[in-house]
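Below: the structure, in C-alpha cells.
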Amino acid sequence: MKHNKFDLLSLGEILLRLSPPGNERLSRSDVFDKHIGGAELNVVSGVSMLGLKTGMISKLPDNLLGSYAGNQVHFYGVGDDYLSLDREKNARLGIYYYESGAHPRKPQVVYDRMHSSIQSISIKDFPEEMYHSTRCFHTTGITLALGGQCRETAIEMIKRFKEAGALISFDVNFRGNLWTGAEAKECIESILPYTDIFFCSADTARLTFQKEGSTREMMQSFAKDYPISVIASTKRTVHSPKKHSFTSVIYDVGSKTFYEEEPYENIEVVDRIGSGDAYIAGALYGYLAYGDCRKALEYGNAASAMKNTIPGDMPCSDLKELTKTIEEHRQTGELPEMSR
Amino acid sequence: MKHNKFDLLSLGEILLRLSPPGNERLSRSDVFDKHIGGAELNVVSGVSMLGLKTGMISKLPDNLLGSYAGNQVHFYGVGDDYLSLDREKNARLGIYYYESGAHPRKPQVVYDRMHSSIQSISIKDFPEEMYHSTRCFHTTGITLALGGQCRETAIEMIKRFKEAGALISFDVNFRGNLWTGAEAKECIESILPYTDIFFCSADTARLTFQKEGSTREMMQSFAKDYPISVIASTKRTVHSPKKHSFTSVIYDVGSKTFYEEEPYENIEVVDRIGSGDAYIAGALYGYLAYGDCRKALEYGNAASAMKNTIPGDMPCSDLKELTKTIEEHRQTGELPEMSR
Amino acid sequence: MKHNKFDLLSLGEILLRLSPPGNERLSRSDVFDKHIGGAELNVVSGVSMLGLKTGMISKLPDNLLGSYAGNQVHFYGVGDDYLSLDREKNARLGIYYYESGAHPRKPQVVYDRMHSSIQSISIKDFPEEMYHSTRCFHTTGITLALGGQCRETAIEMIKRFKEAGALISFDVNFRGNLWTGAEAKECIESILPYTDIFFCSADTARLTFQKEGSTREMMQSFAKDYPISVIASTKRTVHSPKKHSFTSVIYDVGSKTFYEEEPYENIEVVDRIGSGDAYIAGALYGYLAYGDCRKALEYGNAASAMKNTIPGDMPCSDLKELTKTIEEHRQTGELPEMSR
Amino acid sequence: MKHNKFDLLSLGEILLRLSPPGNERLSRSDVFDKHIGGAELNVVSGVSMLGLKTGMISKLPDNLLGSYAGNQVHFYGVGDDYLSLDREKNARLGIYYYESGAHPRKPQVVYDRMHSSIQSISIKDFPEEMYHSTRCFHTTGITLALGGQCRETAIEMIKRFKEAGALISFDVNFRGNLWTGAEAKECIESILPYTDIFFCSADTARLTFQKEGSTREMMQSFAKDYPISVIASTKRTVHSPKKHSFTSVIYDVGSKTFYEEEPYENIEVVDRIGSGDAYIAGALYGYLAYGDCRKALEYGNAASAMKNTIPGDMPCSDLKELTKTIEEHRQTGELPEMSR
Amino acid sequence: MKHNKFDLLSLGEILLRLSPPGNERLSRSDVFDKHIGGAELNVVSGVSMLGLKTGMISKLPDNLLGSYAGNQVHFYGVGDDYLSLDREKNARLGIYYYESGAHPRKPQVVYDRMHSSIQSISIKDFPEEMYHSTRCFHTTGITLALGGQCRETAIEMIKRFKEAGALISFDVNFRGNLWTGAEAKECIESILPYTDIFFCSADTARLTFQKEGSTREMMQSFAKDYPISVIASTKRTVHSPKKHSFTSVIYDVGSKTFYEEEPYENIEVVDRIGSGDAYIAGALYGYLAYGDCRKALEYGNAASAMKNTIPGDMPCSDLKELTKTIEEHRQTGELPEMSR
Amino acid sequence: MKHNKFDLLSLGEILLRLSPPGNERLSRSDVFDKHIGGAELNVVSGVSMLGLKTGMISKLPDNLLGSYAGNQVHFYGVGDDYLSLDREKNARLGIYYYESGAHPRKPQVVYDRMHSSIQSISIKDFPEEMYHSTRCFHTTGITLALGGQCRETAIEMIKRFKEAGALISFDVNFRGNLWTGAEAKECIESILPYTDIFFCSADTARLTFQKEGSTREMMQSFAKDYPISVIASTKRTVHSPKKHSFTSVIYDVGSKTFYEEEPYENIEVVDRIGSGDAYIAGALYGYLAYGDCRKALEYGNAASAMKNTIPGDMPCSDLKELTKTIEEHRQTGELPEMSR
C-alpha cells in the first residue's frame, strides 16, 4: 500500500486579516490585530493541529509580509513545500479587514484581495510529484472565484489530483462579492464530476444550485447527479453576533445514510470567522482518520463550535481537546466546570 | 430661503473620559482608555457622522489636553468655530472616570468636572452672527446644572437662538449629582416656553416634573403647558449591564400623533455611555433631514441601539449603516449574518 | 478583653498566575496577564478590602518574583509580618497558567507549583507570638495537599492557633490533581476536631467524605461528628463559562439554624477564579465583624457574585460596594442602572 | 484684496501605514500600529496644525478604511472639501508597511499601493472653483510617479492652479521604486516652468537632474533654467536609525540670498517617516505666513527635527511649540530641562 | 531609648499622573499610562523600598480614585495610618499630565491640581500621637506652595514634629508655576530655623535665595544663617531628554565636611520624573540608617541614577540593588554585563 | 554522497521567557511579554531562518505550555521530529524571567528551570536513525550543566553523532549559576576530544580553562590539546545596556589561519539575549553552507549584531538581510538610510 507524504493538501489564497481589537470600529482605533487566514488554510491548519500531515499550495509575495504568512503557516505545523514565491515588484498579500459585531451591529468585512500574488498562480509553479504526495486534495469555490489564473489552475489541479488517486474535497463557500450565483453554478458543476467529498449549505444548494425540497432531498439530488461519496451541509443559527448554535448533516452516499446530532447550543462566539472552515477541518479529519461519516460529523461539529470561541481565523484545538468536547456534548446531566 | 452654515449647534461641556480597559476596576490597573465625551458633543458628533453640518459651542483650556479635545472634535467632523479657549493659568478640562459593569456589578462613574474651563463661559465669548448661523440649537439640563456662568449663558443663548429663528432642542438629562429635582424643575420650566423639541424620559417627567399618568399622558401635559412641537421619551430596559432593550415614543404635537415602534431587544452592550445622546442625535437627524417624526423615531432608536455596541461616548455610525439597521429592524424572518 | 493585632491570619501558598488576554489560548499569543493569587491569599485580601486587619503566613523566594508577590500582598492591604523568605538558590514562586473559556470551550488550568518555596515552610520560621496575634486562623485543603513540609506545618499551626484561642476556619477546597479523595478525607478528618468554621460544598461532602442525603443532612452529619460551630456550603450553577448563578447555605450549629437566600442569577462572569475564595472572605467578614451567620451568608454570596465580574484571582470590592450589592439583591422591582 | 478660503491645497495619495510596535519585525508580532500618511497629507496636516487653512485633494475608497482615512484628515484640521470617493467595488486604500530600525538594522518599507483609488483620480472629480480657493498648491514627484491617471491629473492641476494665481510648490521626493531617474527628470522638467517653490535635495539634484557642483551652485542652476522663486534643499545626516542631524539651505532667487543655520544635532529619532514632509510644512508655513525665507528656513528645520521625535507620519506640533523650539535652538548656554 | 513606629513620615499631595505611552503626545493617542506620584510620596516610597518604616500624611478623596492612590501607597509598603479621607461631594485627586521628550522635543507637564482634597488638609485631621511616632519628618516647598490650608498645616506640622524631637527634612523643590521666587524665599526662610536636613540645588540657592558664590559657599552661607545639620545640593546635567549625568554635594555642617563623588555619567533616561525625589529617598536612607553623610551621598546619587531608568514617578529599587550599584560605580575597569 | 535530512540538529532545553514590557521591572507591571528561547534553540532557529534544514532535540511537557513551545519551534521552521513529550503529571517547561537594563541599571535574570521536563531526557527517547540524519550536531555547556539526566544524555549523544559521522559543534556558554568553573572544565574536557567546532570566549578560556596569553594564543593552546578543526571566540564590548560593539576571531586550525574583521560599532541594543547564540547560528551557517571560516566569521558577526536589535531570544533575519548587512559593513562612506 502506497504511503503518502501528506494526508491533505489544499489550494487557496492566504490572506492577511486586520481587525480592530475588541468591539472597536475599523474607522477608528490606533491598532489592528494581525492574523493570517483564508478558507483553505483554515482547513489544513485545523487538520494539522489534529495530527494529520498537511500542506498548503499557494503563492506568496517574496517580501516581509509573505514571510509573516509563511511563518504563521509553519506555526500551525502545515507544510510549506508548495508555497511558491511571487518575486514581481508589486507582489502583494491579499488583505481583508474585519470588525466584529454586537447586536444589533453586524460584523463587517472589507476585502482588499484583488491583484494579490495568488492571482498569478500557475500549474507550472508546482512539480508533477505533488499530485502523488497526498491522500486528499481540498479547495473551495473562493479559489475558483478569484481573478487571474486561479480558476484555471484550480480546475487543472482537481483533475490531476483525481487522476493521481487522491480524494477530492470541495467546499462551495459561496461569496456574492466574488461572483454571481449563476457563474458559481456553472463553474462548480464542471468540477462536481471529480468531487468525492462535497460541502454545501442548504441555503447555497437552494439559492445557487436551484435545488428544492428539504436539506436531505437536496443532498440526495446532488448524489444522483454526480459521483460524490460524501455530502455535508452545516446549519448555523445566529441568535446574535455573540451567540450562535451549530450543527450539520452528513450524507454517506454509498450507504444512503444521513448522520446528524444535536446542535451545539448557545455557543459564546468570540470570533466566528473560520468556524465553517473549522467544520471542514474536523469533518475531513474524521473521514480521513477513521473513514467514518459519524466521526466526520462529530469532529466537524465540535471543531466548528470550538473555533467560534477562539480569536483569529484558524482553529487551534488539538485532538485531545476535540475528543473531550465530543464526549461532553454527548453526555447529559451536570458536567464539571473545569478540571483541577 | 436662507441658507445656514450649520444644521445644528450645541452648547455644552467637553469632558475627558478615563476608563480602565475591559472589566478592570478604577482602583487598580496600569492604564486608562482615553475618550472625549459630553452629552451635547455626543449629540453633534452623531449628527455630523450622519451627514449634517454641526458645530460645538464650548470652552476648552489652552493646553495639550484642550488640544486633544479639539482634535477629537475635528475627528468627528464637528465644526470648531465656536470653541473658545480658556487661557487662565489653572484652566482645566473636566474629567469623568467610568468603569463598566457586569451583573451584579453596576457601572460606576466618578466625576471630576468642577472648576473646569466651561464654567467661565460667557455670552461675550461668541460673536453675534453665531445666532444666525444654524437651523437648530441644542443643549441639555447638564449645562444648566453646571456651576459658574454656564446656566446664565445657556439661558441667554436659548433666547438669542430662538429670536434668530433657530429651532430650540432641549434634553432634560437629569443628573442628581449636579442639582436637585426641584432646582431642575424650576430652571427648566423657565426655558420650556422657548423649546421646540423636548427630550424627557417618563421617569424624569414623573419624578422631576411631578407629572402623572401614562407616558403619553405626561407628554400631552407638557404639550398643553408649553408651545413645544415635538416631545420624545426613551424607554431603556436594563436586563443587565451587558444586555439592554431600547425604544422610544415621539409625540408630534401639531398632529397629535404618537410614534412608536418595537424595541431593539437584547442589545449586546459594549459601552452604554452616550446611548441616550445617540438617540437624540438620531432623532434630530431624522427631524432636521426629513421633518418627519417617524424618521426621528427610527433614526433615534437605531442610533441609540448601535451606540451601545461601540466603545467610548460618541456614536460612530454613518447614514448607510443606520439606514440598513432600520431596514433590518423592520424585517421579520431570518436575516443574513453578514454580507461578504 | 484582649486586643488582637489581626482579625484574620491565613496560611497558604502565593502563586503567580499567568493568563493569555481575553479569550486567547495558552498555546498562542505574545503576552500574559500577570496576577497573584492563591486560595488563602484571596481570602485574606478580600477580608482586608472589607476593612478588617489581616495577614498572610507564607514563604516566598528571595528574588524579584518574590518581591512582586510581596508588593501585591501589600497592594491589598494584607500584612506581611509572616511572609518568610526562601534564600535557597533555586527558590521559586509556584505558577499556574489559566485560560478562560467560552461555551463549549471550558476554562483550562495548567499547574506548575511543585518545588516552590512554600514546600520548605516550617513551624520554626515563625515566632511564637504569632499564635496570639489573631482572632481567627484560616487555611485550606490545598495547603494540606501540597508536598514538602506544608501539611505538617499546617496541622501544627492549626493546633497552636486553636490553643492560643483563635477561631479555626477551614475550607476543604478539594483538588483532585493534588491528592485523592481518600487521602483528603483521612487528613481533613484529623483536623476537624479543631475546626470552628468549616467550608465544604455538597459535592465534596458526598464524594470525598461519603456523606449522604440532602445538603442540610450532610451539614448536620458533620456537626454531629465534630465540634464545629458554623458550616457553609456554596452552590454554583454553571450555565456556561460566561454565565453562572450562585448561592449558599450556612448552618449555625449552636442554634441549629440554616441560613439561605435567593441565588445571584445570571452573573456575567469575567473571571471565575477566586470566586469561591471571595465567598469565604465575605462569610468570614460577616462572621468576624457581626458574629452573625445571616451577615456571613449575605456578605459571602455578594462577595462571590461580585468577584466573578472582576479580573484576576483577588476580590476587589470594598464594604460600601458589597453592602449596596446586598441591598439591591434584596430589593424587588426595577433598580436604577447606575448612579450619576 | 482677494480672500482665499485656503492657504494651501495639496494633491496626493493618502496611505494606510501599518507598523509593528517598537522594534518588532513585520514578519512576526500580533499587532500593527495603524497610522495615516502620505507625503502631501503630511505637509498639509503640518501646516494646518500651525494655524493656516488647508485642504487635501485626493480620492478615497467609499468603505470603512476610507472613513478611517477621512476621520484622520479631520483630526488634523485639514479640509475634506476635495476628498472624492471611489465607489468602485474593488476600491482600495493604498498601504505601506514600515518597520523601524536600530543600528545595524535599517528601517524597512514594503509598499502595497498599486491599484488604489487615487489612480482613478480625474480632473473631472473636482469643481472649477477649487482652483480659485487657495493661495498655494503643493504636490510631489510621488504623485507624478504613481500609476493610473495621477500624473495627468497632477500636471493639469498644476497648470490650472497656476493660471488661477496660486503659488505652485513642488517637492521632488524621488522614489526609486516608483520610477527611474530619467523618467523623473523628464516629467519634472515639464512642470518646473510652473513652479514657484521647489524642494530638491542635493543628492537628487546630482543623481536625478545631473546637476554638478556645490549645493548652492546646483540651486543657482535650477534658478537660471526655470522661473522659480524659492529653492530649498534639506541636509540629513544619519548617524544611526535612532540618531540624525538635520538642517537645510533655502535660496531666495529674487534677492539671490542663501539662508542657512546650524543643524539640529543628535536628534533622538522616534519615527523618521514624514520628517522631510514636516520640513516642507514648516517652510511653507514660514513662507506663507511671513513671506520670509528665513522664517521658512527656521520653521522648516524645527518642524523636521521635531517630527523625528513623534510617532507616525504626521507632524503634531503647534505654533507655540515650534516657535519655542526655534528660540531655544538659537540660544547658547544651558537651557532649562522642562518648564514646571 | 525611644522606639519609634516610623523612621520617616512625610506630608504632601498624592497625584494621579497620566502619560501617553512611549513617545506619544498628550494631544493624541487612545490610552494613558496611569501612575501615582508626588514629591513627598516618591521620597517615602523610596525609603520604604530600602527597608525603613515610613508613612504618608495626606488627604485623599473618598472615591475609587482615592482608593487607587491608597492601593498604590500600600504597594510600596508605605503606611496609610495618616491618610485622611475627603468625603466632600466634589473631593478630587489632583492630576498631572506628563509627556516625555526626545531631543529637541522637551518633556512637557500640564498640571491639574487645584481644588484637590489636600487643599482642605488640617492639623485637626491628625492625632497628637502622630508627632511622636517618627524619627524624621519630611516635606517640600511644593506643599507650602499649594493653595488652601496646605501651607498653614505644613508649617504647624514642622513645628510640632520638631518639638516632639523628630528630625526635620525639607526640600525646596521650587516650582515657578505654583509661586514666585520671592514668595518662596519668605515662606521657606520662616521654616529654616526648624530644619535639620536641607535640600536645595545651586540654581535655586542662587535664583530664589539670592545666594552668591560657588555651590560650597552658598551651602556654607545657609549653615551660617540657620541651625541646619546637613545640606545637600544635586547636580544634574541634561545632555538630552534621554541622556543625563547626575551627582551631588553634601555638606555636613557639624564637621564642616563636604562630600562629593564622581557623577553617574550617561544615564539612559527612561523616565526622569521623581529622580530628584529618589535622591532625597536615598540620602535620607543613608543618613537615617547610618548617620553618615557619605552613605547619604552614595545612596542618594545611586537612587537618583537608578530612578531615571524606571518608568513612573516612584523609585523601585531595593537595598541589594542600590548597594550593588554603588559598588560598581566605585569600581574601575570592565564590569560583567549581567550575572547569570 | 550521502544526503542528510538535516544540516543541523541540536540538543538543549527550550525555555519560556517572561519579561516585563519596555523598561518595566519584574517586581511590578500587569503583563509579561512571552517568548520562547534557549541557547541551542536560538542557534537552530537562526540557522533555519538562513535556509538550512534544522531540528531540535529536546523534551517538552505534554500540556498547553509544551504546545506553545512546539508551535514556536514550528514558527521558525525548525523540525520537531525529535521533540519528545513528558507525560508525567508534574511535567514542566523551564522558565526564566528577564528584565532589560538602562545604564546604570543592569539587565537582570531570574531562573526557574529546575525540575523541568528536559531533566528526564534519555538516550532511549530517540531512535537510532537520528544519529545518521544530520551533517552537524550542536550542544552547549548549559545542557551539560543542567541537572537530571541531561549531562549523561548529552555526552552519549555527542559520541553517537560523532561515530555516525556528524560534525560536533560545542559552545561552552559558561553559566556560573549552574555549575562551578572547575566542574565545567572537567566535564567539557571530557568531550573536547569529540569536538570539531568549538566556541569559547577569551574570558572563559582564561577563567574556566586556566588558559593564558592572548586570545590567539589561548585558541592555539586548545588546538594543540584537542583535535578541534575550528575555534571561535566572540568579543562584545558593553558601552551600556543599550549600546554594545561586537566582533569575533575564528581560528581555522587546519590552515593555522586567524580570521577577524572590524567590529560592528555602537549597536543599538533592543534585546541582547540570544545574540551570542545568533553568532553561533551565523557562524555555523557560514561554515556548513560554504565550508569557509571567513563566511562563518562574517555571518556570525552580522547575525549577532542584528539579533541585538530584535526583541526576544531568537534571531529573525533571513539570508537576504544578513548578506546585505555584511556588504554594508564592508563598505566605507555614506550609505543610503533605507531603500524606497
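The letters A, B, C, D, E and F name the chains in turn, as written, and every chain counts its residues from 1.
Quick note on the criterion: a residue touches a chain if its C-beta (ideal position, glycine included) is under 8 Å from a C-beta of that chain, and two chains touch if they have at least 3 such contacts.
Note that the structure is a prediction, hence the values are computed from the model and not measured.
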Exercise for review: Could you run down the chains that neighbour chain E and chain F together?
Suggested key: A, B, C, D
Review point. Since chain D and chain F are copies that touch, is their contact same (over half of the numbers shared) or different (under half)?
Key: different
**Study point:** Maximum centroid distance from chain B, chain identifier (CA atoms)
**Key:** F
Check your understanding: Which chain is most remote from chain C in terms of Cα centres?
Key -> D
Revision key, fill the gap. Chain C to chain D, mean C-alpha position gap in Å, rounds to 62
Study note, to complete from the structure: So, in whole Å, the Cα centroid of chain B is separated from that of chain E by 45
Exercise for review: Starting from the mean Cα coordinates of chain B and chain D, work out the distance between those two points in Å.
Suggested key: 39
Review point. In chain B, what residues contact two or more other chains?
Key: 22, 25, 27-30, 67, 71, 108, 111, 177
**Study point:** Residues on chain D engaged by chain A in the complex (per definition of touch)
**Key:** 18, 25-34, 63-65, 67-68, 71, 89-90, 92-93, 95, 97, 99, 108, 110, 112, 114-115, 177
Exercise for review: Going by the contact rule at the top, pick out the chain E residues touching chain D in the complex.
Suggested key: 22-25, 27-28, 101-109, 111, 175-177, 236, 238, 240-242, 272
Review point. Okay, in this complex, where on chain B does chain D touch?
Key: 67, 71-72, 74-77, 80, 318
Check your understanding: Which of the residues in chain B come into contact with chain F in the complex?
Key -> 29-30
Revision key, fill the gap. Listed in rising order, chain B residues that touch chain A in their complex are 22, 264, 266-270, 302, 305-306, 308-311, 316, 325, 328-329, 334, 337-340
